[in-house]
Structures are given as structure tokens and as C-alpha cells.
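This report concerns only the one structure given below.
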Amino acid sequence: MSIKTQIITWGSLLVLGILASFFLPPYFCYLLGLMAVYSLASIGMNFLTGYTEQISLGNAAFFGVGAYVFGILQSLEVNSVLSIIAGAALSGIIAFIVGFLTIRVKDIYLAVGTLALPLLLLQVTKGMEITGGTGGLSVLPLVEQENASSVEVAIIIVIASIIGFVSTLIANSFIGRAFHATRLSEHGAVARGINVVKYKVLAFVLSAILTSISGSLYGVVVGYITPELFQVMVSVNFLIMAIVGGRGSIAGSLLGAAFLVLVPALFNVFGLAQWQQLGLGIGMGVTLLLFPSGLIGLISIVMKRRRVAVNESKPVAS
Amino acid sequence: MKANQLQVNQIQLNIGGVSILKDISFSLSEGERIGLVGPNGAGKTSVINCITQFEKRYKGEITFANKLLNKENPQDLPKYKIIRTFQNLGLFNELTVLDNFYIAAHQSFETNLKNLFTLEKNIKKEAQKLLENESIDLDDMISDLSYGQQKIVEFLCALIQRPSVLILDEPAAGLNDFEKSRMIEMILMKQRELNFSLLVVEHDVNFVSTLCQNVVVLQSGELLCTGCPEEVFQRKEVIQAWIGESNG
Amino acid sequence: MVKTQTIEKVDQLLEVSNLSVFYGKLQAVNSVSFQIPKGKVFAIVGANGAGKTSLLRGIYGTAQYTGSLTFNKAAFTAKTNRFKSGIAHVPQGRAIFGDLTVKENLSIGVLGIKKKTNELEYLLNLFPILETRMNKQAGMLSGGEQQMLAIARAMMSRPSLLLLDEPGMGLSPKLRMEVYESIRRLLDQADHDMGILLCDQEIGYALRIADQMSVMQKGQFIWSGEAGSVSVDELSTKYMGLKA
Amino acid sequence: DRNTGSSSTSATPSKGSGSDKKPIVIGASLPLSGTLGYMGKDVADGIQAVVNDANDEGGINGRPIKFIPMDDAYDPAKHLANTRYLVDNEKAVAIVGSLGTEGLKSAAKYLNPKNFPVIGALSISDAISNPPQKSLFALPAPQSVEGPTLVEYAVKKLKSKRIAFVYQNDSWGEPAFKFSQEKMKSLGLEFVAVETFEPKASEMSTQLHRIKEAKPDAVILYALGSQAASFVNSAADENFKPALLGPSGLNSPEWIKLVGKNGEGIISCSSYYPITADNMKWVRDLHEKYKLSNPSSNSLMGTSAALVFIEAAKKVGNDFTPEALLKATEKIKSFDQKIGDPISFGKLDEGEKARRGQTTESIIILKDGLFEPEEN
Amino acid sequence: MLQLIIDGLIYGSIYALIGFAISTLFMTTGVVNFAIGETITFSMYVGIITMEWFHTSYLLTAIEIILLTVLFTVLITRILVLPLLKHGSIISTIGTASMYIIFPILTVGLSTQDHPFPKAPIPQMNLGIISSWDAVIFVITAFVAILLHVFVMKSSWGVGIRAIKSNQSHALSIGISVGKIVMITAILSGFIGGITGLIAAPKLLLTHNLMGTPFMVALIGAVLGGLNNPKGIYFGCLLLGVVQSITGGLFGSISREIIPILIVIIVLVIKPEGLFSSIREKRV
């Protein structure tokens, strides 16, 4: 896709999202906000797992850091944008260190290694005064007015769209290809002059920054944050979003976030509210079996050009 | 000493107490084409790995244009335009042929703001030209290609990196005679354009004699002999070790 | 030339009829039929991407195929375990297990097969270099050594049919010749209960051991015949358009 | 003597128009899956029992009650989503019996401006009711009561000098510890040992070991379920026999089964009457009648919430709006729920107690496999 | 101190058993079956309920539980793991995560209660410092460890298992019945899982979270030692158990949550494949 189509796509997503946040009923407006929030974490996880195949069970740490730094700074009346950036910066630094240390660690070993991060931060937040300890922290609303939650969701949509757009640019640039290259053949990448360490750490940092922003915005929509944000299941959810949506695809990441938020909602609407989690589990399994490359497969099946006949389009050596 | 000369100076390689290379020295001048041959397990690939710094455990010196390469990392060699291919392929399987070209080309095509938007177009154009005579599409997934086709793509990816030293590890394995002669033509043509020097490992006697001005013969990690192919391939010890009597 | 003329035997080891191989919608082999008699080497040559590897994969059941395969008079389904039926495959690209030792790689060649033969000795004779590398991690071997290992592993079970996909790739000219000759010898000694399907790029080498030969292009056989009836040059010009 | 206090009196058949027959919708967001799934399910059953009973008796003003339990897997974001769904799409008149401190806090921010009540915000965290939140009517008694009650009992009744404290390291356990510690200080004492355990801990060997080393004569074991049982059993195995005091929530037949004989003499406190006592038979009958799981201390929270809702509903006449219900709930004073001490709420400006239905707990002691009220 | 070490060894043994259940399937597929703990818990609940309702004997219940875990593991492998494996082990692993969500809901459906679970009717022995059930736990785990080690590292099937681990598509291309060997490891995984449940539940009580924390700790322990060989898992988990027990005992329970995980990360930084696993070098 050319840059022009990207701008159009993301621009229309943005406009639609803003319109929706003011016209949708509050419940769906909230879901829209959650989707936007989670899609950032999902993109973040995708840069790590989908692109460079570094599996992390530690992204909850960045989510939590983003949420807490934002929450604390908000209560100190720091500018909201600065608060988000501060969280992202801190997460980025942590990710840089961790990514660098664990550069030789792979697969499930990496997953377990990164697990250490949220487990440590969980204990730290529980023990600290400023984080509200085990009780958690109330996050001040971004705006104080009649339709505050719609405005908040609209703001989140704007932020998420811009970041989504930038992520797409990164993914389609040389950086994105280099990510793929490090995953598919390390020695091949090295022979093409790609610094594998650099790109792997970069993926880590990028992922952390996105997840952290997602965490900050989560604080905005939900209004209350707790040490539970550092639970393993939070990271697992990000993984689910990235994989069910589409490994190695930004658009897929959005679909993954939508899946995780909308499937339970769908069950509510059909009067099966008790069974939403069960539905989520089954839905996940079935989706993966039908579209192993993720929900994005649904789209690419329609779009992808396919070769049909025997070597038809090829010149014959003669 | 000529500019852009690659010098391999007395390299030794021991891994796990086994001596793999013993005192190998040779040099590759600008524009020269050398064939590195020898029986299986002689250490040819190991020599390449040492030169390109994928193997770091060697002793000895490797210099390029009088600069010591020993301390460099393998990913830095493309900066010197020392480009290699792999015996067992180093392509990115789940990407398209075009993407593989993009990745290969990023080092050789200067990126700046001005050409940011035309860069990809230029790479694509060049890739298209390279693939002109092949039965390979730019949109083909690497994993959907036959082995020989993959070999060709890897070779072309190395070419698009605009090498000044091109190091090929068995580029013609799995190609038929026709493809081989085309590959030779391509190398010669590109060499006229870029004036690179070539180090090629290959088990096809014909291929080496047609392409190379000089050959270096290894056996059990030692330098057996060097010289021009016509002469070396007549030598008894080379026939005995590598070519075989019935092939002679 | 080591090829020996044998008396015509109608006993077919493998009968392939109307075999087509698919990768999704792409058809790589288009309705190919041929037989491999016992005691014979059937060689297929053809340009890159002609479909040789795909044909072997089809026969071995590792790619999606249609058509019928009869081996030793028994029909194959897609699910039949080829390996247990007595077919061994030396795939292109070797497919050795880099994390395992050479010894373990060889023992994979008889995994789940009761037949106890004394192949190892014979194979180590053929590839003396492997003997010295027995406990080495296979991924550390040189390319040619790995190719030897792949051939040896396939022959460990003394299969009735050996599918060889460019077995000479990466071997030195000398060793390549030795291997081909040795395989031919093995076949001749094996009391004609063994057959070989060989794919090769190099007509010269293939002609040395083949009894029958087919030329493949774009998924089809464009020429088939007795190997003795043609010369290298003839075939090269015919199927490759190479100048003689 | 079966008197649910609600069903028997509210059965005035409706004389209103047909549209009045539309069900009254209530709902709750509960953890029905995940590690706390068992708790949410019990609460849902407790609510459902009362709702079914009320409907069988003719509903409220002739309108049946429809209860929608929603699963949030203990995720505050989902809790909030569920709450919004109930308010917005199901047009619920009240949330009844939502569980989970964090989720409730998030929900309150949304509900307060809407004057929408959560009748029976099931959390014993003081943070829910202090300061009072307009929409949260919390049940049962808070931790500021529970911890000190146990401490006082240990010091005054048991005459313990060396008391140790073990608590769950989360928003449930930690406040309990803080309140207990304050109480200790006010009595001029210090805990001789303090240990924590993680919410999902599967065993308590470390805690037991360290507590034992401190040689306490009483241990306040602020744990529930398997963790509490595991501590009790291992202590018995190691012949370590201090007086053991536990939080409300231990009082269920199943937990008693877990500790068996080892549990003899354990002291607990409760906002509800012991289930096995005679006066709780009607609850057990209800659960049996509607084929729901056996009542437990968790299900009683649901029961209590549902009873309070019905009590409030009876006060609003035909005006089934959330706002009216909120006002009506504020007016509940000394409502005898028949499963525990009476419940009172008040106007928001009445301070701490305005949004906390129960403020007392009584000590119960495990004897011969049954928790019984302390004999004075 | 001795008591702390013994405690650590016993809990370490339980972790090691779970580690074995995880690793058997992992060895052929590279997939961590996230649902294994939850399937064990579900089977245990089915077991205890049939025991209560039909008064089945311990032996019968034990067999039932083991068969059920085997059945579930095989089904999960058959329906989710294998079909998804073509697309990578990560996708396959996430596939099992769906069962990780579903099974607890089924378990809650069966019963919302915790249950005491009976021990196997073994003769009470007086072993002094260690209870006879703890002795059973230790001995059975050690026994499983040895058997598994022999099976994986010494038998010809073990070579097949490691070949599949090394490169599955290579294994397929030379005709190894990958599906069959994977199913064998799935059965083994379920079998060990069932035994784990039977061993752990009397010690930990049968709760909905029976395997939640132990699964995580087992995974960490297995990674500490190296997931690819039984020896690594056994000693990794034992080590982790002892470290947890000692740090907890000496410095309090919070340190018990932090110190072991710090150790794991330090070990991984230095030895990325775990303590007891030799790094397989790669060459080009």
C-alpha cells in the first residue's frame, strides 16, 4: 500500500471513530475506547512476537508502568500528554535494558525470562505508597464536562489513529522488513548488513512504548488502576490479540483487539452474558482453526492475487 | 599492494580441539576471480566464514584494503561491500522475492530524504532487470520456489548489494548446465560494471575453469596448491583429492 | 560406465499413473505416468522449477497429489506410510537434524523399522569421513558431509525403493562419482529387488547409472526412453536448448 | 418459621396495565470464570435464589424480576463494560450484587453522575464506602470492623500476649492487616510476626515455618479457602497449636470439611448467621428448591444484596427508576434480612455509615464440625 | 534449615512432575500446552464427584482421572495443536490458551467448592522427619524423572522425538510419522498430568486453582534447568523449590516471590538455554 492509501485509510478510521464516539450509545462507545486502547498494546505485541518472534509474557509490565506513571502524574496535575510520554519513556528504557540483556534468549525461555518483569513490578507497586499499594489508584478524568466519556474516547481515537498510522509506516519501512528478516534467517540478515541485536532490541523498545501508551489510555477509559494490571493474564491477552488478529500485521492487531472486546459484547447482546468468557475461548479456538494466520487472513484471502495454472505466467528457459 | 585487496594471512582455526584450518594464506586483488576448491570438509566454507567474520575463533589476520577485519562484526562487512552467499541459503522464506531484494539492497542504495519515495521503485526496477531471463516472479514467496530457483535468487540478491568483493559458496549447486553458463555470463557482465573481485567455492570443475583466473586448493584444512585452473586441475594430487580419476 | 545391461523383467516396483502434484492452486506436476522396474534406475532430468522435486514429494506423500501409485503391487493412499513400506527419501536440501549427532541421525534411518541389517558397516565404508564424525553434532558438518549423511541415513533401512533428489549436490566430483558407482553396484548386487528414482540436474552423471530416463519440463515429461539410446549432448540440446 | 421478609409480603398481585408486566431487570458483574469463578458463581446463585422466590410469589407489583449475571473474570475493564451494558442496553433499574473492589470503583465513577445505584456492592473493603460513593451501597461489614474484632477477641478473651498475623498480599488482606495493627497499637501491643502470601498461592509452608519460629500463642490467619485450610492442616501436622482466628468467609460446610478435625476451635467472625444453625434453614431450602449450589458465605452476600434490593423496590411503588431506587435504598433502616444483623443505609451526608449496610460482626467458633456463636 | 530444604524438595518434586507433563509435548511440538494444568484440575473434580456420588474406590477414581487427562490432552493435541502447528508453535500455543480459558469454566460448572482429596491407600510409615505422603511424592517424581530420561535420551523413540524437535518439516520429508510420535508424547503428557493431580491434590487440597500457581512455577523451574531434557527439568524445579523455600524461610514471603525469579533471569542471561542444557551451536 502506498503512503497515500495509508493516509486515507487511517484518516477515515479516525473520522469514523470520532463520529462513532459521539453517536454510539455509551456502552458501545466505551467498547470503542477499549478497542482503541487495546489495539495499541496489540500492535506493540505484534512488533515483538509477530515481527521478530520474541515471545514476551512481560508486556503487562509496560502496560502497568504506563498506567501507573500516567495515574500518578495526573494526580500531581502534570500535563496529560507529558504524563503519557513519561510513562512511555520509562517503559522504553526498561525495555532497552531487558531486551539487551535477554538478546540471546529465545522462544519459551524468553517468555519466562520476561515474566520476571511484571512479577517484580507487581510486588513493587503493592509495596509502594504513591501507587496506592494493593488498593490501587483512581485516575483523574481527562476532561470534566457533560459528555466527558465521549470526549475521552474521541481523544483516545485520535491518539490511537496517529500511532497506528505511524506504526504502519514503520512496519512498511525498512525497519519492518528488517524485523521480518531477523526472524526468518538470522545469518541471512547479518549477511545483508542488518544488525540483528539492534533490531531485536528496537522491537522490544517499540513494543514497550506502544504498550505503555496503551496502559496510560487504559487508565483514562477505566478510571481505576490496580496492581492486577501486572498479572500474567494481561500479557497473555495481548498475545492472544496479536495472534488471533494476525501475526506480523498492523491491521491484524486492530482486528485482534476488536475480537477480544467485541466477542464478549456479542454474547451479552444475545442474552448469554454469563457465557462470554466461554464464548471467547471457543471463539478463539475456532478462529485460529479457520484462519491460522489470524483474522487478517479473512481479508487477505479476498485480496491476495493467486497463481493458478501450471507455471503459466513464467517464461520458459530456452 | 593494490587497492581493495583482500588478504588472508596465515589463518588457523581450531574448534573443540580439532584443527580445521592450518595456516591458510592467499590474497584476492581487485577484479580478480579466484576459485576455492577441495574435497568435502576441506575447510572451504570455514575460510569464507572467517573472512566474513561469521566465525570469530580463528587466529591470523584478514585485511581488506589494508584494513584489519578481525575486529569487525559480520553485519558490518556489507559496509565494506564484502558480500557473501551461503551454501545452505540465507533467504527469508516467508517473504516475497521482491522483499528479499529490498532487504538486500538497503545497504547499497543510499537513502536520503530526496529519494525516500523513489528508492523502492529503483530497487524494484533493478530487481526486475536481474530476473529478466528467469522463471521467477517478484511476487513469488521464497518458500514456493524450487531449490535451484532459490539459489539463483540468493545469487542475485548478492549482486544487488553492489559488491566490491563477492564471495559465493557453491552458487551453482543444483543448477543445470544452462543455468550455470548463464550465471557465469552474469558474473562477468556485472564484474565489468562494478569491478568486484570474486571468491567462489564450487565443485563443478567446468564452472571453475571457465570462470576463474586462479584457484586455491584446500585439503584437510591445509593449502594444497594454487595456480591457474588449467594447470592445477591437471595435477595428480588435485585429481586424487578432489576431481577423481574417472572424471579426469 | 558401470551400467550393466540386464535382462528385461516385467516385474514393476513402482507404478505411477496420472500423478499430479499441487501446492494449493498451483499445479507443479501435470498428470505424469511411468513405471520403475525392479533392479533399475529411473532418472529424471529437467531445468530448475520443472517439477522434479514436486514429483518425488508427490510419490512420497509429502505434497498434495492426485493420481494412483502402486508399490510392489499394493496401492498407496495419501496416508500410507511410505517409509514403513520400504521407500526411503533423500530430499533436496538434505533435511538432516542439526541438533542431533551423526550417529543419531543415522539411527533415524531405521526408526520404527524392525528389519535389522548390517548397512552401517557398508555405508561407513562408502563414506569413511562419517565414521570419524560419528559423535559430532550434524549441524556442524560441512555441506558435503551433510549430503553424505543424508544419503547414508536413507540407505540405513536398505529400502526397496530409493528416491534420490539431486544426491550429488555439494559433493566433490570425485566423491559424487564414487557414490553413483557404488549405488549402481549395490543395485546390481541386490538381487533385483531394489529400484531407484533419481532426479538430477546433470545429465552426464545421471546417464552413468540410469537405465531409463525422462526429461521433465513444466510439470510434464517431454521425452522418455532408454538411457543407453541417447548421449549427453543429444539430450542437452533437446531439452535445454543448449548449444551442442 | 420460614420468613424471607420479602417474598411473603410483596406478593400483591399487580393491577396495573399490561405494560407493567414487563420484567424488572437487574444485573451484576461477577467473576464467573477464571480463578475467582467459584466465588462469582456462588454469589449469582445466592441472588438467583431470592429472585426466583420473589417471582414465584408474584414478583414486585406483579412484575417479575429478571436477573442478568455477567462474567467479568475479575477484570475491572470488563466489570465496567458489563455495568455499562446493564445500564445502557438492558435498561436495568439497579445493579444488584456486583463483586470486586476494583471493578466497583471503576463502575462508581460512571454511575455516580447517573444516580444509578449498586444495591449490594459486595466488597468488604473500606475504600468502597469511605468516603461514601453516591451509587455504591456496600455490603457486608467492612474490614475496619473485622480485623479489630478478631484482635480484640484474641487480646481480651483469649488473653493472648504473642499474636502473629498472616494475610493475603492484596487489597483484601492488606487493609485488614492495617486495621488490626492499629487496634493492636491502641491496646499497646505489637504483632510478634507478620507474613504475607500471594492471592494465588497454592501452599503456605514458608509462612507456617516463619510464624512457628516466632512462637505465638494466637495466629490471626487472614486467609480463606484452600490457603487457610492448608495452613491449618499443616500446622496440625507439625503439632503447632496456637489459637487460630480467621476472617468472615470461613463459615461454609465445605471449608469445614477441608480442615476436618484440625479445625476444631477455630475462631472466625461473620456478618451472617452460621449456615448450619436452624434459623438459616430457609436459605438452604430455597437453594434446594431451585437446584442451586449449597449456600455458602459467598452466596449469602448475594442473598443479602437481593433481599435489600427487594426491600427497596417495595418502597418505590410503581416508580421503578434507578433514581427512585437509590433514594429508597437510602431510606432503609434496620432492615432485618434474617440471615445476619440488620441493615441500614443513609443519606450521603450522613458520613461513613451512609453507604455501608452492616457494621457489626460477631465471633463464631468451630465446634464439632459447626460454626457456632460465641457463648457469653 | 533441614526442614526448609525438605519442604523445598517436596514442592520442587510437584513442580517437576508438572514440568514433565509440559515438556513431553513440548519436546515434539515446541508447544507449551497452557491448558494442561486446567485439564488436570477438571479431571480431578470429575474424579472427586464420582467418588462422592458413586463411592468409587480410590483405584478406580485414580484410573478415571488419569484416563480423563490423557483423553483431554490427546483431544487438545489432535484438534488444536497439530492442525495449528503447520503455522508455527506460537500459534499452536495460543490455541491451547483457548482451552486454558474454557476448562476452568467447566470446572466451576461441576462444583464451586474446594475439596479435600484422599491419599492413595498406602501403609503409614514412620519416616521421622518426612511424612509418608511426602516420601511418596519424592519417590514417584524421581522414578518418573529416570524413566523419562531413559526414554528421551536413550531409546530409539527418544531420538525420533528429538529429531522432530530439531526440525519438524525435515522429519516429515523423510517419512517419520510425526503425527504418531506427537500423539505418543501427548498421551505421556496426559498420563504424567493425571499422576501429578493425584499426587498434588492431597497435599495442596483440590481447589479451582490447584494447578494455577504450580504451573507457572513449574514452567519457570523447567526453563531454569532447560526444557529440552528431563534432567534439566527435574533439577531445575527441585532447585527452584529449595530456593523458594529457603529464601522464604530466611527473608520472608515477599522475597520468596522475588528472589527465585531474579535467579532465573540471571541464569538465562548467562546461559540462555537453562542450567542443565548444553547450548546447541549453530553454524552457517
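By letter and in written order, the chains are A, B, C, D and E; residue numbering begins at 1 in each of them.
Methods note: a residue touches a chain if its C-beta (ideal position, glycine included) is under 8 Å from a C-beta of that chain, and two chains touch if they have at least 3 such contacts.
It should be emphasised that the depicted structure is a prediction, and the values quoted were computed from it without experimental measurement.
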Through how few touching steps can chain C be joined to chain D? 2
Looking at B-E and D-E, which one has the bigger number of contacting C-beta pairs? D-E
What whole-Å value do you get for the distance between chain A and chain B if each is reduced to the mean of its CA atoms? 41
I'd like the Å distance between the centres of chain A and chain D, where a centre is the mean of that chain's Cα atoms. 37
List the centre-to-centre spacing of chain C and chain E in whole Å, with centres computed as mean CA coordinates. 43
Mean-CA-position distance for chain E and chain A (Å): 31
Two or more other chains touching the same residue: where does that happen in chain D? 32-34, 169
Residue numbers of chain B (touch at least two other chains): 54, 86-88, 90, 135-136, 178-179
Multi-partner residues in chain A (2 or more other chains touched) are 187, 277-278, 311, 314, 316-317
Contacts from chain E onto chain B in the complex sit at residues 283-284
Which residues of chain D touch chain E in their complex? 32-35, 37-39, 41-42, 169, 195-198, 200-203, 205-207, 209-210, 225-226, 229-230, 233, 237, 252, 254-255, 257-258, 260, 293-294, 296
Per the touch rule, the chain E residues reaching chain A in their complex are 26, 30, 32, 34, 79-80, 83-84, 86-91, 94-95, 97-102, 105, 216, 219-220, 223, 227, 254, 257-258, 261-262, 264-265, 268-269, 272-274, 282, 284
In the complex, the residues of chain C that touch chain B are 23, 26, 45-50, 53-54, 92-93, 129, 141-145, 147-148, 166, 169-178, 181, 201-203, 236, 240-242
How about chain B: which of its residues touch chain C in the complex? 38-46, 87-88, 135-136, 144-149, 152, 169-170, 173-179, 181, 203-205, 241-247
